[in-house]
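Please go over the structures that come below.
First subunit A sits with subunit B, and in the next complex the same chain sits with subunit C.
And now, the complex of A and B:
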């Protein structure tokens, strides 16, 4: 019979055991911390849609802090709601849908070519196909603008302009370039998803159908297509949500002609000083994003049975292409050129020219890389000497570096807790909450964090304008990756080493430091390096948080574009891409993992 | 995930409840900051005995000053200031909305990093920032007599005409003689301005048009030769509506407007609304910009840049010294090195290319009433969003 005394003794015992097994306590602390860092800002964002902010109170005359439906009405119902919200909303749906319509068939086609046919060089093609996804999405937009710009946006003339052709507005800006650039960036995603599905599809299924007399068409329709449904659905949902949260491309290609999508509409409202409306738009973005990813997760579970079908050593027979080999190769080469060579090549080329498009000897120069003064750009220097670029480089490395370290360790900790406390509410809660940032589109997450952490809360001072805010938000954004890999890694490590150490009297810290971490250094490295690479190319997340002095390379690119300093913006992009390539290659050497596919995996 | 069940939700709910005080607690806006205390006395040209040397010494002890300005020339001013007094200036170019955001956030969170702002959004200034004590207006007492009274509160350190201009290669004479001409179909899609949604001063200009019905009526009569037929209450708004419907093209900066309008080799260049300073690049960039001389009832408006000290800033004395310097001699990078801008200091000599002194220009420009601008700004913005975005 448990009396009060028993219970108290139990508690005291547990307390005394804390240094040896603080798992539960740490678990609770983590839960509280994540609730504060992730859930609270999102809740605060919701609050911001109905509470009057000081900037708004100046213009609308309602005192700060009052609850009101003003912002909701203004965003959805007022006579300016068309411009503020509805047009960007429908346009976003249109653009995202079109991108899916292009990227998914493209990805599926190449996946089929690489996995199911005898396309020569398929291994190399497979590696190269993923590259467009590794470089930042707006890289294509920057290249596009350098080539197709016209006088709608000021600054240096575009390549075609200099060569004598003035591109019409609908080619240079707006829906078409946005859709094209996003598709080129995002199709590797579909490529990988379909590739995985095709790889796990046993050819024997098709072969037995053929033996039974089914036509090719029937086989495709009754066997292959249904088995590809999960891949199709997943790539649709995830592509859609990626386009939804993408800021850079619509900013570069749409702002000049007032073609706004949800992320740029959000940004505009915020910059103009209407934080209430910005909060409403952010909430809509978050809601859509969350539903899309939640839908995907739901269907993945639904379709799990599809994958197990191929579980026992699937045989994938490769179809001979025969006469189609050359055209297929040609198509592949064109696609690789379009998605890698041409965009990157254009960027690199423009950085060596005074006036992009003028192919004369005098026009080529090293000024934009090495120059100490550039006549056309007052006060600016070449890439390697430019204080703005160098400072943004330092900031990027510093912020992404700290964030990735924080993230990696936090992810490992979450993994540890989740696996050591199986079936507990703490574990389930941690799993869910650490995954939440993945559901929230970057720009929405940034808006939420900005408004939440901009004021002092209890012991925590205001983080507005500080680097720490950037580090914090970035590490939270990539926590899903790190905690996933942490959980997976810890699952594969049994209890025994730790228990043995405990029996020998080692405290928790000792065990972590001498046993767990060394065994997990592979996973820890992945958990750190993957966010590092993502952080170096991150833009949507930081655009709302960066301020002069805390500019990162990715936001510095936008500043240069705003001023019309084409060569400097392009040089910075080349710098970012270069760094990413180096980091990726070194990481693959260090961990032996195929990073590229790691990027495009669902987590 | 299996095994979650009710208990988990209760648990999560309890945790959220725990975090509520943290959410709610921080949400209270900081209590109304006390206006003016201690070392930064505000004053619109008071007769206090002013000891410049003491100020210099106090400022030098502080060692540096942080400034956000709408103009990138603050860097040049800073270099000259450092040469004279040995105090480093950390100047950053920043737009109005961002400056306002930072100042408000920093003062509210009691973590002020900036000392001086060079700010153009007069409406927000007079409507919120000064009355609620976010910034303090300080006029150097020894220079106050050199400034006209309207320039002292809030303190203006720079006046720029923002005017309509044209390309003198395309047109031999100013093509626009009257404000109402801007609404005519001939100019549809051929007028460039800096995005009103991002430029509070432009919104203020439009708001002040709406509050000057008599000027508009006179202009109408002088151009069309007959009364407008629109009643006084609506004439301003009707003008704006027609203007916005005329497919104005927005650019990100006055510089972009100037470049697009002034580019050489155009047969029928558009006209633009930009700050006069953009014409200083006529030679360097081979632009063909000229002002719309003689336009009735005005060529544009007088754009003031205000200089204010942020409340509880880290270097108040250096801030005061910087303002003193800008008003007395430091305005050179804006006013004497290049054309297009004027110091309110009546002793300052204008640049020869300026087509007159500031007094001459004031006759050609509309002066902004900040209170009216603040009241009507939202309406103007909404009108712009509704009609100016019809594409």
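And now, the complex of A and C:
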């Protein structure tokens, strides 16, 4: 009895202390919330691979809820497994491998030119180089299809066809364009990674080898290459996870010829086939995603021992290009044209033409921007008057806006709890669970959320088709970045400023309002703006969740492409890119943060 | 006024690390008490528990007879309600507030009206000679100025108890002396209770009315500074306080046991109990010839380290190096033989449990 009374008294006391330090209580609430929002969906996805769902039960004649190996067998072993899974799987590996083969040498070469040589305008070049990485990955695919489209798919003719040259299928669709477009998007990653590695690599390391009598070949083989190995491995893994996670490019360029990669195969299975099979494919993407990140972490740990050695005081000597200056400059200009000017230029140009590719005065028009009725497209209006576009713009702003706010505050809260309760189980759990969405490729994460939230659970109704589901999934998917930056920011601040306020007599809410939030203003702003930018261009994550009432700009682009409304789809892409540029510039202005260095988002 | 009593205070981190082990300490009202010990000995944890930032695992804590914490009662007065002042090692000034705003924060929390706050801030800033810095931000201040603002911030609320966590360790040597003087002056002016955590014995010795020497979460000795220096309660205290450290000769060690035995005739009744003998360097005299002192021993003169005010001499006795501090320059060359000697009352004796034996 004595013990019982004491325990109650202690509980009462803990409760009375709550207003002063609710850290623990908030921590527990947060743990429970993240368990429900992140862990449960992923577990539901796993369960869906072995349990019959409502939609499948009708087709396969097994009652809903029965455990079965049917989906696993169908995906991996049946006669249709070749089409459902294996072909897309091998093609994904092939495309990813080819993208690595193009993007990594390209990124490495330009990184070397910019960091290690006296290439004129290298500052400007290095800023421009990251532009393809700022704009949505499928922008290139939309531009490509506008140019190379042929009669295989409907709608307006492509530019080349209008000009009299009909591109064969292998140029218009399938492996080649997908590889080229993905490479153009991914090479800035390699550029950044190699650039950082080269920048931190002291020239004196090479010079010491030279002093010791090493030839140029020996220096590159024994000194430079081993030091660049981490950058190489990281770019490799990043490229893979990018390809694995990107939906738009293979959808736009592959669907017409039934060239499916894992993300599009998953989407197809979900939309027209069996959700059970889709769950199996989603689990495979999750598995690959997890192993890629695990590998990356292993390598990072393995190389951390020498990676910091260069440090900040590294001396980087630039090598004069001499006679090679002009060719190098030329190469750089061509690459910038190919990756920025031509794709974006094409997109903009097509929106001013009735028939893209026909260069006559009367063919030019403002209809696709300002027109209230478009002769060629019954019932459609120009960009600024088009109800579909305007609604999708509103949706995008609402969804990405709310998601980024939610994500920013959640991330800060996770950071706060983790730093305030160091070494506790709550902190370790929050760290790991908030990181989990990072391991799961976007489309797999969407699939998981869909299978969990699409049906009513207790007091929570089915969320399918609601804006709230999109906000929720988006904020959770970006939570890893927000919570990591939250943890970093809180660690930097330390506990003392808040403890000093406690000593001065300030309660929790006052400490938050007067000390913590003002000190974290910048971090919070970044933690909101980065997800906002990502959210405005997000496609893979939302494609399965968006419904006719909740189309986002990015999914609206795909609808227009499906209908063959080239100009409208391109105008929408231009709109998205414009918004992203404005957001990025204002973020750089507001926070002084550099997008390229701060946010290496992966699929 | 403000007497702090700690009764059987315990604190463990994780499952195995005992930070504070059954601590009993009474800090009298108006005294200036230092917690002295090497890093990791539990002194900062003790301070944080008194402030209420850490919760003890067991024991009781009183301020002026009022219960602040009790494990068995399940009582815990939160930091915000304790009304103490705490100066952090790295100052923890709020970087987004000016000096005046930093200092006025605590007053604001107490609901003091604006005009009164302004006056009080002015008063405190003047007391610490930083009234010209009111509108600066912490990043625009030097280390010493930041230190003064951190002090002013806590003094502003006029706490009965002021807790200082190694406040001078981030300052350079000259500023440290200046701030030591300042702290002592403040204590004499304000007359509040100060608990001062430091690993710097010079700070503890020069500032405090009482010093508590801590080691492995326990208090080894709690006494006025001079008592600690002159009669260390045990071997660890003797070794920790004093620089260069006390010279020890122990029964168990190979090289020094001959020297150790040479001391025993001086303490006829204690020969069995004594386990270690200690002599402070400044109590070790040198002479070229065997002196008349009750104890002397031959040694080889190794080298001399002049500090300017005195000379630290290292000597070799049976393959062991010991130190002596001289007020005058020694006229002996390295390698020459000298005689070391001391007076009986300067010899410290410790038993097998490392406890001090009072020889008289």
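The rule we apply is simple: the second predicted complex is superposed on the first by the 585 of 603 C-alpha atoms of A that agree within 3 Å, B and C clash if a C-alpha of one lies under 4 Å from a C-alpha of the other, contacts with A are read in each partner's own complex, and residues count from 1 in each chain.
The rule is simple: contacts are C-beta pairs under 8 Å (C-beta built on N, C-alpha and C of every residue); 3 or more make two chains touch, one makes a residue touch a chain.
What you are looking at is a predicted structure, and each value in this text was computed from that prediction instead of being measured.
When both complexes are superposed on subunit A, subunit B and subunit C sit side by side without a clash. Looking at the shared chain after the overlay, A:423 reaches both subunit B and subunit C. Contacts of A:59 after superposition: subunit B is touched, whereas subunit C is not reached. By the touch criterion defined above, A:39 reaches subunit B but does not reach subunit C.
Judged by the touch definition given at the top, the superposed model places A:13 against subunit C, while subunit B stays out of reach.
In the superposition on chain A, A:268 contacts subunit B only, with no contact to subunit C.
Among subunit B and subunit C, the chain that touches a larger number of residues in subunit A is B.
Shared-chain residue A:455: touches subunit B; no touch with subunit C. Of the two partner chains placed by superposition, only subunit C is touched by A:496; subunit B is not. Of the two partner chains placed around the shared chain by superposition, subunit B is the only one that A:257 touches, whereas subunit C remains out of contact. Between subunit B and subunit C, the minimal CA-CA distance in the chain A superposition rounds to 10 Å. Residues 423 of subunit A touch subunit B in one complex and subunit C in the other.
The touching residues of subunit C, counted against subunit A in their complex, run 14, 51-53, 72-76, 78-81, 83-86, 88, 90, 92-96, 105-106, 109-110, 153-154, 157.
If you check the complex, the residues on subunit A that touch subunit B are 31-32, 35-36, 39-40, 43-44, 47, 51, 54-55, 57-60, 64-65, 78-80, 82-84, 151-155, 255, 257-258, 268, 271-273, 379, 423, 425, 428-429, 431-432, 452, 454-458, 461-462, 464-465, 547-549, 562, 564.
Within the complex formed with subunit C, the subunit A residues making contact are 6, 9-10, 12-13, 17, 20-21, 423, 494, 496-497, 499-507, 510, 514-515, 518-519. Contacts from subunit B toward subunit A in the complex involve residues 1, 3-4, 7-8, 11-12, 15-16, 18-19, 22-23, 25-29, 72, 75, 92-94, 97-98, 100-102, 104-106, 108-111, 113, 124, 127-128, 197-198, 249-253, 255-257, 259-260, 263, 374, 377-378, 382, 385-386, 389, 391.
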